[in-house]
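Next, two complexes with chain A in common: one pairs it with chain B, the other with chain C.
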Partner chain A sequence: MTATTGELEFLAKDRAALLWLGIALLVASLSVFLGLREVGAQRTVLGALVENDRAEREVLTGLHQDWGSVAYYTFHLTYDLPSDFAFAALGTRDTAPWKHRVRALALEGQIYETDADNPDFALIGRFDFAFAASMLVPLLLILLLHDLRSRERTAGRYELLSATSASAGSPWFARAALRVGALLLCLIVPLLIGGLLAATSASKLALASLVVTLHIGFWWGVCAAIDRLCWSSPVNLTALIGIWLALASIVPATIKGSVEAAVPLPDGGTIMLTQREAVNDAWDLPKSATMEPFIERHPEWAEYAEISESFEWKWYYAFQQVGDQVAEPLSNAYREGRIKRDRLAGRLAWLSPPALVERTLQGIAGTSMTDSIAYEQRVRDFHSTLRHYYYPRLFRDEAVSDASLRERPEFSAMNK
Partner chain B sequence: MTTMLFAKALSVERSGQRVLNNVSFKVDQGEVQALLGGNGAGKSTTLLTFLGFLTPASGSAQVQGKESRDDVGAARRAIAYLPEAATLYDHLNAYENLRYFLSLAKADAHRRTLDAALERVALQAEAREMRMHTYSKGMRQKVAIALAILRESPILLLDEPTSGLDPAAIDDFNRLVRELAEDGRTILLVTHDVYGACHVADRIHLLHKGELAGTFDRPSGIDRIDTEAVHAAFATHAAVS
Partner chain C sequence: MNGLMSRLFTIARAEWQLWLRQRLALGALLVFALLLVATSLVTALKASQEHHERTHQQAAAEASFLSQPDRHPHRMVHYGHYVFRIPAPLSMIDPGVDSVTGQSMFLEGHQQNTAMFADARASAELGGFENLTTALVYQLFLPLLLIAIGHGLIIREREDNTLAPLLAQGMTGIQLFAAKWMALAGLSLALLLPLAIMGAIAASQGAAVLASAAIIGLYALYVLVWCSLILLVSTCVRSRSIALGILTLCWLAAALIVPRIAVESASSAVPAPSKLETDINMQAELRTVGDGHNADSPNFQQLRANLLAQYDVTRVEDLPVNFRGMVAQSAEAGLTEVMNRHAEERMALEAAQARFAASFGWLSPVLTVSAGSRALAATDLATHHRFLREAEAVRFDFVQGLNRVHAEQLAYRDDINRNRDRQASRRTRMSADNWKVLDEFSFEPAAAGERIANASTPAAMLLAWLLMLTAIGILAARRMQP
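Let's look at the complex of A and B:
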């Protein structure tokens, strides 16, 4: 029997180690299952919405005879498809909106109106593979490794084990390596099975496995360093839990607080309110108060800027845009602020390996803050295309035709 | 005769205190020697220094002619060590414990070999498959002794090996030690059992407060060292301390 098979047999009879490994397997499997279920539900919702969206536009075709009504009543679904690895790291998909039904009206309110729902989701919390791998796994590793040497010292076996071992590092390295390897298997196997079910690309799975392996390697190093100090098992455990608490909770909380203090930004609700107030006020203002700032932005429509009736669709859509223009500085500040915060948080995350792992996995999954902002930009781009489609028809008062409707832009989701 | 263990003016400090002071002795191949002394005499410290767990403050501890601290691995491969009150794994049975420890030493662990060693230490066959938490202290000690035998190392360092054994088992053990020595194994045992040491050892070193307080040899043609003389020296030092 080799030393490795000896350790393997020994591990197979260590009930405490088997318990922690079983919990690791359960946690990883559950997180993958819940992630697959959540992403499946999101895909089902999107599938139904895409179908409804198309059917609704078909029903509306021919129903309205002026472009103002067509633009007012027609919604366009925009959405962010979950990637093939999103099941493992849901990231911002449960705190930031990933679908909007937008019209050619003022955009800011349409983008941020869903923000008000988010605290409900945030309260429930997220349990995905990224959370398990970044926050829970270090804890399980600590429970597996904290007393490798110390319990042998307490039991009076340390010298016997060391003296019996043929090589200087044995059996401690082999014993720790087997536990680390087993823990890694308990994590990676459910992830790979989830990846197979979700048809995840091999490169993403390989990268995610590497990240998890490096993270476990880091905590193995921490456990080994503490173990070398020759403290008792309870002291080792206390020290390691303290380090885990600091790196997984206190440091990230401090980073979050510092980043928020360093980069203040308006909230989505304020942007929505500013835009809506601007739009509502426009009804009571002289038409010129709307058309002048609109024409400043769109001089190509200057010759159509005169509003002679009490209500004209082109004026209506102009004040929708002006509403967006009023909220624009806030909206830009919000967007740029979030990007700044994200970059700063990304740099500071190196101080907290668990936070860094969670961010990295979200990056692989396309569920990071950067991805959320990119999706928001795609919604803005699409909305801009929509306006550019409607404005010539509204300002020139063209007749609605099937041929023209067929040219109407469609949102196309990006596959990640 | 080849010198297997050599303590040369050996001094060791633990937590800033000198616990072994200028101790010299050597053990040749096939010899049984005992370190005798009360608690804190430096007996176990001497063994741990040969094993490389402790570093000499001065002097040297040599195993097969090499300084043990220079190549701890080589020293430990040459030595089978039985610590005081050896605790094997409670959740394993005797076979599993032996197989595990022998796997660390990369030594043979066939069932027949294990049974032969367990026969030699007189552990009942019916107990061998039982988990060790059901064992008495003496039975545990027998398994630990079997492990030391199975290592097939040329040197055995035994720390209080008869602790927990009943008188019949001690007698068996003493006989076993003599057999191992006749097979060419070198044995250094630590004890405070004067009677047992006199019966099994070729030479006894009396340690007192980290210093060598006397050496007693087995006279030729006699089967044991003079128990009364050793007892008297031991008692004198105990009275002084």
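Let's look at the complex of A and C:
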């Protein structure tokens, strides 16, 4: 007990340690605050958008008298609500879209539109808790621990301290443990407060805390290993920063390069061009060239597939769908390639604890690449229900009615 | 004076020889050099591959537009066109925002699309520092190397008890400071050699020589700022350990914390609505312009009256121009005016955000050098906006060119009867020669002079940093005591 009190007093007098701990607390609190603010802003934007989108559809009601025009002019907002833990890891939300407007035309021409923020922001990155925990914390821990032994050695007290303690290594262990514990508190407390404010589920907070603890534990191990080599403080610190640099940047860069080389993606531009050519060629081709592949996919409309006029809406929407069908292999390859890249990166991220922590926190927050691809899939699903809503009305040539319009699907957000 | 210079040089040379003998310094130097070469090769290869690919895609897109068969001109308006942004030669040093902004854009009538297929959306997510580029290695990691080998420059003399003899031999503190500064600066500038080589390669591939030289100058200024900071700390602090701690903290703040705080502050100080919000909000405005597909819409009553009066006829059928084509032209012009106004507002807000973030450069030379570097490499926000504006100009020109064909060459009577039968439809097909209204698109960044002017503020900030830190360092060195 007295030993612990003694160590506490020692820590209280160690101004450098207090400085690093203070910075850790500041960084963690600031990141949580900024994350909460950003998530709040995204929710506000979405709230207003949902409202405006609905109002916009109401304005259109009654304006168009045929289903073809209704489907052509009506846009639908889709969105990906931030989860209750998104404040801690904003993840891909600054480069990938989390709001998207679609209509019943060919989807491949719409789905890749990206409504991103200022590119300067995405380039530099956001100051969220995941960044603090994965990148900044290891450096602060290194600064805290790198000279625990070497400082005493320089001051000539090392032998004395080692000799007077009951078991070898224990004063160092207690001293380091105290600093590590304090650093952990400086991180976890702001995170938990943020979690309370955002009403985050306890399991997510517990999991995130565990991840952060393990990460700090890893770096403690690294510091201890370097410390055992009995170098001088500056050499210790230089070596540790070198290790940080390697694990935080060089290893991830190498992983990224190898993953991208190992899993090539079809060029995005080609998907778009394929889809466009298919949609536009349809105008010049015989109607059957469109209707046959369409009916193959939708046999239920076979008896309505006769196109007698030179322009009919059902034919127009059929070739929109056929355009998507033609681009489908490329589009699937693009999506699967991205999933494969992400999965491979996830496995290789074990080589870089900071990258692993960032990815894990994004996973908990629902802001990872997987989540962004899942949102894209929800947009596709919604678009498909929209098509299925319009097809019977187009093919049976029904009259536009308010009652029928009320049955039109609306995008419903999934709560994460 | 000559004798003094040679004395200073002797000390600097001794320092260089020491670094070559020390395993730590030499090891760090080698690792850095290796990292730099590897990164540079990867960045340059990627840039050249993208240059090749997009040039090819652009040519293919133009060829496919021009090779379209005879058809109704409005079909071509919806067929649309693609433009690709071909990376500037200097992007092999600093790809800047290229990886987060899309590189291709679909141009069509009646709407402005966003740039698509940003690399960032398809790349492996690994924590934020996985996108190593030559620029980033210089901006973030060169300072760490300089700190590691330079923090002890003056402290070491103190700790080894060699400072007192040096000062006793008549060397002043300022002279020692100058000699050590020369040693570190010499090394830093030597480390810029790979950058200079890449600048020369970029210049041989068509980059403006002036811009290449300016980018090297900018990074030289930047590394000298760090040299002065390191020397200042080494002069003022009595222990190597503390000096290293302070310098690491400075780096942590300048490289990792301040840039992101700048982003957060800018996004809250200058809120900019997203394109989606703007799009929805301008719908009402677009409706007042009217739908150019519907010539009977009341929005075009005025146009109809004006045309009838101008040609002194009573029915649109008797006009010498195709009324539907005239409506398409007028609607496109009206829509474009509204869309451009909103797009310009958005770009102005983004530029204001960038300026706001740039003011944090007074707290972080890293932020400053990265802004200047992107401006010079033509990979900054301003260049992205330039791409958006040029693409829009191409879009408007070809759409209106096609609408002109629609109005002047396609008879109104044929046009309204186009869906009656096959014959009628055939009469509305215009010759494919008309598709030559499409201009060739080749995106050129702003002239070197303009880019250098854009980078002059960051350069001036770095110079101010350098002068300030060196001046304080000299003041501290003047009072140097063993």
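Here is the rule we go by: the second predicted complex is superposed on the first by the 392 of 416 C-alpha atoms of A that agree within 3 Å, B and C clash if a C-alpha of one lies under 4 Å from a C-alpha of the other, contacts with A are read in each partner's own complex, and residues count from 1 in each chain.
Here is the rule we use: a contact is a pair of C-beta atoms (placed from the backbone, for glycine too) under 8 Å apart; a residue touches a chain by one contact, two chains touch by 3 or more.
Computed from a predicted structure; not experimentally measured.
A.B. asks: Following the overlay on chain A, give me a clash-or-fit verdict for chain B and chain C.
C.D. replies: fit
A.B. asks: Quick one: is A:Ile241 in contact with chain B, with chain C, with both, or with neither? Answer first, second, both or neither.
C.D. replies: So A:Ile241 only meets chain C here.
A.B. asks: Mind telling me which of the two, chain B or chain C, contacts the most residues of chain A?
C.D. replies: After superposing on chain A, more of chain A is contacted by C.
A.B. asks: Taking CA centres, what is the chain B/chain A/chain C angle in steps of 10 degrees?
C.D. replies: Once the structures are overlaid on A, chain A sees chain B and chain C at 90 degrees.
A.B. asks: Output check: A:Gly6 vs chain B and chain C. Expected answer is one of first, second, both, neither. What do you get?
C.D. replies: first
A.B. asks: Name the contact category of A:Pro171: first (chain B only), second (chain C only), both, or neither.
C.D. replies: A:Pro171 sits against chain B, while chain C stays out of touch.
A.B. asks: Applying the document's definition of touch, where does A:Phe311 land relative to chain B and chain C: first, second, both, or neither?
C.D. replies: The answer is second: A:Phe311 touches chain C but not chain B.
A.B. asks: Between chain B (first) and chain C (second), which does A:Arg15 come into contact with in this model arrangement: first, second, both, or neither?
C.D. replies: Only chain B; A:Arg15 stays clear of chain C.
A.B. asks: Per the contact definition in the header, classify A:Phe131: touching chain B only (first), chain C only (second), both, or neither.
C.D. replies: second
A.B. asks: Mind working out whether A:Ala399 is in touch with chain B, chain C, both or neither, as first, second, both or neither?
C.D. replies: In the superposition, A:Ala399 touches no partner, neither chain B nor chain C.
A.B. asks: What does the superposition give for the shortest Cα distance from chain B to chain C, in Å?
C.D. replies: The answer for the closest chain B-chain C C-alpha pair is 13 Å.
A.B. asks: Output the chain A positions appearing in both contact lists, the one against chain B and the one against chain C.
C.D. replies: Residues common to the chain A contacts of chain C and of chain B do not exist here, since the sets are disjoint.
A.B. asks: Taking the touch rule as given, give the residues of chain A at its contact with chain C in the complex, in rising order.
C.D. replies: Those residues of chain A that touch chain C are 16, 19, 23, 27, 30, 34, 37-38, 41, 45, 48-49, 52-53, 56, 59, 77, 91-92, 95-96, 99-101, 109, 112-127, 131, 134-136, 139-140, 143, 147, 150-151, 154, 232-235, 237-238, 241-242, 245, 248-250, 252-253, 255-257, 259-260, 265, 267-269, 272-273, 276-277, 280, 283-284, 309-311, 334, 337-338, 341-342, 344-345, 349, 352, 354-355, 357-359, 362, 368-369, 372.
A.B. asks: What part of chain C is in contact with chain A in the complex they form?
C.D. replies: These residues of chain C touch chain A: 24, 28, 31, 35, 39, 42, 53, 57, 60-61, 64, 69, 71, 75, 78-80, 82, 84, 96-97, 99-102, 104, 106, 113-118, 120-132, 140-141, 144, 148, 151-152, 240-242, 244-245, 248-249, 252, 256-257, 259-264, 266-268, 272, 274-277, 279-281, 283-284, 287, 350, 353-354, 357, 370, 380-381, 384, 418-422, 425.
A.B. asks: Within the complex, which stretch of chain B touches chain A?
C.D. replies: Listed in rising order, the residues are 48, 51, 53, 72-73, 76-77, 79-89, 91-92, 96, 99-106, 109, 144, 147, 151.
A.B. asks: Under the stated contact criterion, what part of chain A meets chain B in this complex?
C.D. replies: 1-3, 5-7, 9-10, 13-15, 155-157, 159-168, 170-171
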